[in-house]
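Chain naming follows the written order as A, B, C, D, E, F, G and H, and within any one chain the residues start at number 1.
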Amino acid sequence: MSFRYEIRLSGSGGQGLILLGIILGETAAIYEGKNAVQSQSYGPEARGGMSKSDVIISDSEIDYPKAYNVDFLLTLTQQSFDKYTQEVKKGATVLYDSTLVHTTREGDYRLIGLPLNDTAIKDIGKSMVINIVSLGAIIKLSNIVKVENAEKALLKRVPRGTEELNKKAFYAGVNLVEKL
Amino acid sequence: MADIRFIQGNEACALGALYAGCRFFAGYPITPSSEIAEMLSEELPLVGGAFIQMEDEIGAMAATIGASIAGRKSMTATSGPGMSLKLENLGYACITEIPCVIVNVQRGGPSTGLPTSPAQADIMQARWGTHGDHPIIAVCPSSVSEMFTETVRAFNLAEMFRTPVIVLSDEIIGHMREKIIIPEEGTIEIVNRKKPVCKPDEYKPFKGEEDGVPPMANFGEGYRYHITGLSHNEEGFPIQSGELVHKMNLRMHEKIYRNLDKIIKNEIYMCDDADVIIFAIGGAARSSKGAIRHLREEGIKAGLYRPLTIWPFPEETLLKACGKAKDVLVVEMNLGQMIFEVKRVLSPAGVRVEGMFDSSGEPFTPLAVANRVKEIIKR
Amino acid sequence: MGDIKKEVKGNIVTYEDGKTKIIINNRWCKGCEYCVVYCPKKVLTMERSKPIVVNLGECTRCMLCELRCPDFAIEVFKMEEKETR
Amino acid sequence: MEINYHEYLREKMMPHIWCSGCTHGIVTKALLRAIHKAGLNKDKVVVISGIGCASRMPGYLDFNTLHTTHGRALAFATGIKLARPDLHVIVVAGDGDAVAIGGNHFIHACNRNIDITLIVLNNNIYGMTGGQRSPTTFEGDISSTSVYGSIGQPIDVVNLALGAGATFVARSTSYHVQQLESYIYSGIIHKGFAVIDAISACYTAYGRRNKQKYKSVVDMLDYMKANAINISAAKEKGQAELKGKILVGIFRDIVEPEYCEEYAKMVERIKNKK
Amino acid sequence: MADIRFIQGNEACALGALYAGCRFFAGYPITPSSEIAEMLSEELPLVGGAFIQMEDEIGAMAATIGASIAGRKSMTATSGPGMSLKLENLGYACITEIPCVIVNVQRGGPSTGLPTSPAQADIMQARWGTHGDHPIIAVCPSSVSEMFTETVRAFNLAEMFRTPVIVLSDEIIGHMREKIIIPEEGTIEIVNRKKPVCKPDEYKPFKGEEDGVPPMANFGEGYRYHITGLSHNEEGFPIQSGELVHKMNLRMHEKIYRNLDKIIKNEIYMCDDADVIIFAIGGAARSSKGAIRHLREEGIKAGLYRPLTIWPFPEETLLKACGKAKDVLVVEMNLGQMIFEVKRVLSPAGVRVEGMFDSSGEPFTPLAVANRVKEIIKR
Amino acid sequence: MEINYHEYLREKMMPHIWCSGCTHGIVTKALLRAIHKAGLNKDKVVVISGIGCASRMPGYLDFNTLHTTHGRALAFATGIKLARPDLHVIVVAGDGDAVAIGGNHFIHACNRNIDITLIVLNNNIYGMTGGQRSPTTFEGDISSTSVYGSIGQPIDVVNLALGAGATFVARSTSYHVQQLESYIYSGIIHKGFAVIDAISACYTAYGRRNKQKYKSVVDMLDYMKANAINISAAKEKGQAELKGKILVGIFRDIVEPEYCEEYAKMVERIKNKK
Amino acid sequence: MSFRYEIRLSGSGGQGLILLGIILGETAAIYEGKNAVQSQSYGPEARGGMSKSDVIISDSEIDYPKAYNVDFLLTLTQQSFDKYTQEVKKGATVLYDSTLVHTTREGDYRLIGLPLNDTAIKDIGKSMVINIVSLGAIIKLSNIVKVENAEKALLKRVPRGTEELNKKAFYAGVNLVEKL
Amino acid sequence: MGDIKKEVKGNIVTYEDGKTKIIINNRWCKGCEYCVVYCPKKVLTMERSKPIVVNLGECTRCMLCELRCPDFAIEVFKMEEKETR
């Protein structure tokens, strides 16, 4: 049977989770011929507060566009960790930022903490690129799309002039996992 | 090479409009429809079209109709509160038979409600919102690709039948991103309004041809004629004769209701052997398909009846497809609207019709729908 | 200056004296009296709710009656100009 | 050449529905003369209205004519003009149509400076619906919804247009037919949004109820004659002297960028960049 | 001595409003409703009330709601085009639960249509016109006396259930003159909104009591609270929680649908032995009664089911009264609206439901209706 | 006594939803100080808004508060004021709310001279919906629906109010907090309709897109500081010099009959006649 | 069985037919305890053009409020004579103005011509009161209400100061019939 | 002028030197920096996106920081006046 892989990206507004979701989806949909759906929930004002972006990847038609059996959860804040780990699938992967999330909880999932934010700040010098660092880590951890395809998608999406910076952030994320 | 994109439903709607030949958009921003206006404000100037942000939705609807009279295929987009404001002029487009497309990306209501959450609670409004008898066509996409193709279809139907057509979407479909292959020019047939062939002084702008639809001259093309929102005769001038008024109203009704074969469109999914059929549109249909996936895995014979044309209501095809099912479950992101129509059509045939309603602004999960189906068939 | 000719064709009454022609459309005229009241030369008067010309010779072709008629019901022509204006 | 009204009328629709003495007909003729003088091609003229007695005008005129919904004519007109900037777009509206329900479109059309000519047939009342108070009804006057006298100052169409940024603003009356014609003509040839406040008289629904002021429909025209005062003359008078007067004249006539032209320039700019 | 008058339906409506305690009216003139505004502009100042003519119908609806929030029983009146414009704010009154009365004296549509002729084509609009899920009450008088009594009832229901109530009349009923005996003060019970009895800081303006209806404090009475058209909690503040939103929507729905006994009202005329029953309201019901007079004279057993509350639709009483008839004829001055509801309710019971529709702006004559009935029963 | 903001806030609703640096909060505080200074009884104060970021304000304030539909706040307010003339009615609105969709109610409230105070939180953009062009967006500026630069002159809220006949009209900015407070105060105690155009800054939806002008939210306030010029000072400058300037000051402050009072007088008149 | 008497008043706008209908209805409803319904049809603009006012009088409930089996027809213009005589009941009374209606047509009805307009102009001096003259004639011809009750209703409806004038017109109408 | 006392209660930070008291609410503060930028005496500075008081002695109690704070997050009190205003 066909596969359906659900990724939930959670954190706070301003962490760029929507762009992260788009690049993931674009990689799968455009560069790998798969199907993908990305969606997000908006607060009342679409600024600040909790942020959530879902990406579903499948090799066949995707019906329900939201994640409800999460295979992979990224949490970049304590609040999102607390809320969304409750809703993942058995055996899912939960990736959290090891400095932004202080208190973790074990469960029927594979729990992985990585210094995504620190890497963005220290290695790249911009906390803004935490989403791109995460992109690298997610792909390396999940293998749901190929690293080189994600790189292509990434470079097409980011503003001109920031390609190198973003590439660096992306591979910093990949490396975090490789070092695990 | 194929033009594959990963874009939002609202963006696909804008691209569909451009593909269909839309060259005018008048709007007023409102969540969750604004991306349509935003994209067209950027794209229209590049293709010789015009975009204008009006002072309010009433003005936006008016300008949209005006531009169509001047010969441009035109569109406006909004959500609930704006839709309520457009209604008076929507009725004007109906009675004057001006083709145009109105997109309603539905959000939680009533009133300001839940501006960033999806709902499907403007379905009956689409049919009955403006005062007075009027026919209407409303189509309802359920994917990003369909936001494109149904927008194209909406323009085609509008031009074919000289009528406003509503694209009834919802926040789920409008805001989600999906893969879409933009068809090449010519892949989808584009319909343009019939033009008069007679001499200007013989032109009767409101005399239906065989299909009930009068040819339409655009303003500025030498056919100087009159358009009014008063009940009018075939020449377009106001009349008091009850008989003629009724005749004109009937013709406008029948140009839609006698051409159902050209208007009605459905997806009928796994219904052949189904004991229970889900009736749903838009975002709710996606949840329902997910439910059917689960149910079929469990061996339960469930199917989906998904109208892509919700108005006129697909009575005949529905009865044919579902008349023999034991149960039909109408899944709606509202407190119950389409169920009235489904019951009217299917209850006399002995089908048990149940509803699953929700107005929380949160989409149904496939599991919730599947559970509801299981409850029903247990009875 | 010339004889005054009056011609009635259905609702249309024409007065003409070789110099000036005044046409009154009695179907369109609603009898508001503006033409009569505002004619500086008292060329017109009301009769059974419609204007009639009583003093064509006095007419200076100032056009005020025509200009103020809301019903397109009175027209004044200067005969020396091309008549079909 | 002098005008032949018959060339501009849909004669089979005549006589028009307006009451005896309704001066909407006078304004109509002034408009036709102005169009004639401007030498516009009938196929390229669009006349648009909302709902009301005044708004019945387009039905009688042999142009592209559009009778829309109450108050919305300017918004329809904006769509038409932007879609076909080569058309001459003229909007006619009653006072209720233009500045009661249509007030928002009025101010935005002024602000946008789109090349449309608006003629407000301002009779200070809702004629069509039988004489209810309009925003331009004078203080103290009787109407069917102000039986004890209208409260508050009327809206001044000219001031409103000026405040909203219109680039051509004028006022004349149904009595001053030639002046009215010339202002409408200037409005038509003006590039940008032009407002002409054309004072009109409705005896049926207004005058009749205010017999202390008007004994007949002629009295209403006489009132205009007696009380119109040109703005240049008015400058020398004090506030008190001007009370009850009708200020006529051209209040503003300036050249500012026109909307459709600016839009076209924008398109050019983009193209050149590409 | 009895106060007997020979007045128009619209005048009776105005008098009914005053009787019910209406002390505020905001309107915008439109045929054939203007007499209501005109009469109230004259009468309200005499009884300490206020009348204002607003700049448009949107403003009129808004001011009407505002005045009610400030503690005045308030009303507005209009016809089709104005009704279409009021819809957005009508939805606001629904979600904020502000009592008020909206009169729609129906005329020919769509759009400007036939401004001086009767129609009944805004029936579905009354139910579904504004976007989003919302309950509504609509009453439909059929005589000058009922223009009075139903207006009083509309105010009572509005106050009782904290909801806008529509008086759905038509040009026939609004403009005709009939004898009416104005009831003395006290004859008809007048309902006033429940006031909170708790302390201001304990007040939950949107927490339903047992009947689903929250007590209402007026502005300026010491209960400082918040009213919003966003989905809100019991305190009145905006919320995002889907669960709470849905709960609030359901409560608002149920405060109407669980109190049907207090809302539904019908005239059931000669139905007991009837083989064929006519379903009609307002002006069409008068034609139908005339028809029944003729039919009975000819020995045909015909009856009339006339709902005085058309929304919520009287499903139960209709089924009870007509479920056993062979034929039901729905007579409507439109192209078919109530028939959808009647079919939904009666078709499953095996009743043959037919419609008689007309949009000419001319009332049905009793003979025409009688003939149609004879046709039907012949089948 | 100096203000204690806490007495006027619904603290459980705080922090408010506005973005970091959104100056709607600054205007809110100026309003509270003005109300405090005027010594109004909280039970008698009604604050009404439409829809938009600005319109979220009433939810945080411990008065009778009403959050209505987009553009309609003034019409709701008119109903409230006429029903209860003893209440102090204050309307707060964004620029879109007040002069785009709400334009008609704006001009009619001005004309009616009803005793309501309107504060326009004018940030030249539709903040709430993510940064579309507003009628007050400056020519050439970028927004999500004017990606090639906004076309045409913005509507001038002050001129519009003046043209529509408002009796108190003032403008200040979020930078000039004390001046702003004092104008709002004057507006509140003014008997009649008062409009205060309060220039506000939205970096999220506007400033951010116009980096050539504003590098940060502070730049937006600095812009106000640098470009505000008092009308008395402006009188001595030429057109060219005033380009891009923000004219601040009280533009009109006159006494005219107020609507509710006139209504009450009418009732008296009728009574006396009977 | 109960009776239903249908009166149709037809002519042109400005002839005061609506007021005539109201007075007829008021007489029956208020002064004679009967039921009555009056209605009218409006043109597009409610001014000028054809005018029609229906009055139904009955001793029981009146269902249909418009005339469709006309017992008594008043026609004050040629146009209205031509149109409405086609729609009267067998044996109905048709009263027409003998100067305003030039061409009459016989039918299954009682045809009566009276100089209503001339009477108004000559006897009263105001063509405006043609409706009140007609009122007198209709009542005298139909006997549907009592003359003295109609007088009462009339005097309550007309503007103060015009009572005598209207009374005179009314009895002029009554007399026209008496002289027949 | 007196010692500077700093007190932290949850999100509320109070600075006080006997003459002036400044209270900063870190839950409400959104870090816009207005208070810091527009303080004429450089009394404040930003630290981890929130303002802190670094120069209380210089404070002239001009109130500008408070007046311009959009978030009701900084308050300045003159200690010699009744403190509970």
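Throughout what follows, a residue touches a chain if its C-beta (ideal position, glycine included) is under 8 Å from a C-beta of that chain, and two chains touch if they have at least 3 such contacts.
From a predicted model like this one, the values you see are computed outputs, not experimental measurements.
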Following contacts chain by chain, what is the lowest number of steps it takes to reach subunit H starting at subunit G?
3
Not counting subunit D, which chains belong to the same connected group?
A, B, E, F, G, H | C
For subunit D and subunit F, let me know how many angstrom lie between their CA-based centres, rounded off.
31
Centre-to-centre distance between subunit E and subunit A (centres being mean Cα positions), rounded to whole Å
54
Please report how many Å separate the Cα centroid of subunit B from that of subunit H, as a whole number.
57
Subunit A, residues touching no fewer than two other chains:
43-44, 46
Can you list every residue of subunit B that touches 2 or more other chains, as numbers and ranges?
31, 45, 55-56, 58, 81, 88, 92, 111-112, 115, 228-230, 238, 240
Going through subunit D residue by residue, note those that touch at least 2 other chains and give them in order.
19, 51, 67, 69, 100-101, 103-104, 107-108, 128, 130, 135, 148, 263, 266, 270
Per the contact definition, I'd like the list of subunit F residues that touch subunit H in the complex.
1-5, 9, 14-16, 18-26, 28-29, 174-175, 177-178, 217-218, 221
Can you tell me which positions in subunit D touch subunit B when the two form their complex?
10, 13, 42-44, 46, 48, 51, 58-59, 62-69, 72, 75-80, 82-84, 86-87, 104-105, 107-108, 263, 266-267, 270
Flag every residue of subunit E that touches subunit F in the complex, lowest number first.
23-24, 26, 45-46, 48, 50, 52, 54-56, 58-60, 62-72, 74, 88-89, 92, 219-222, 224-230, 237-238
In the complex, go through subunit F and note every residue touching subunit B.
51, 69-71, 100-101, 103, 126, 128-130, 132-133, 135, 144-148
Which of the residues in subunit C come into contact with subunit D in the complex?
27-28, 30-34, 37-38, 64, 67-73, 75, 81, 84-85
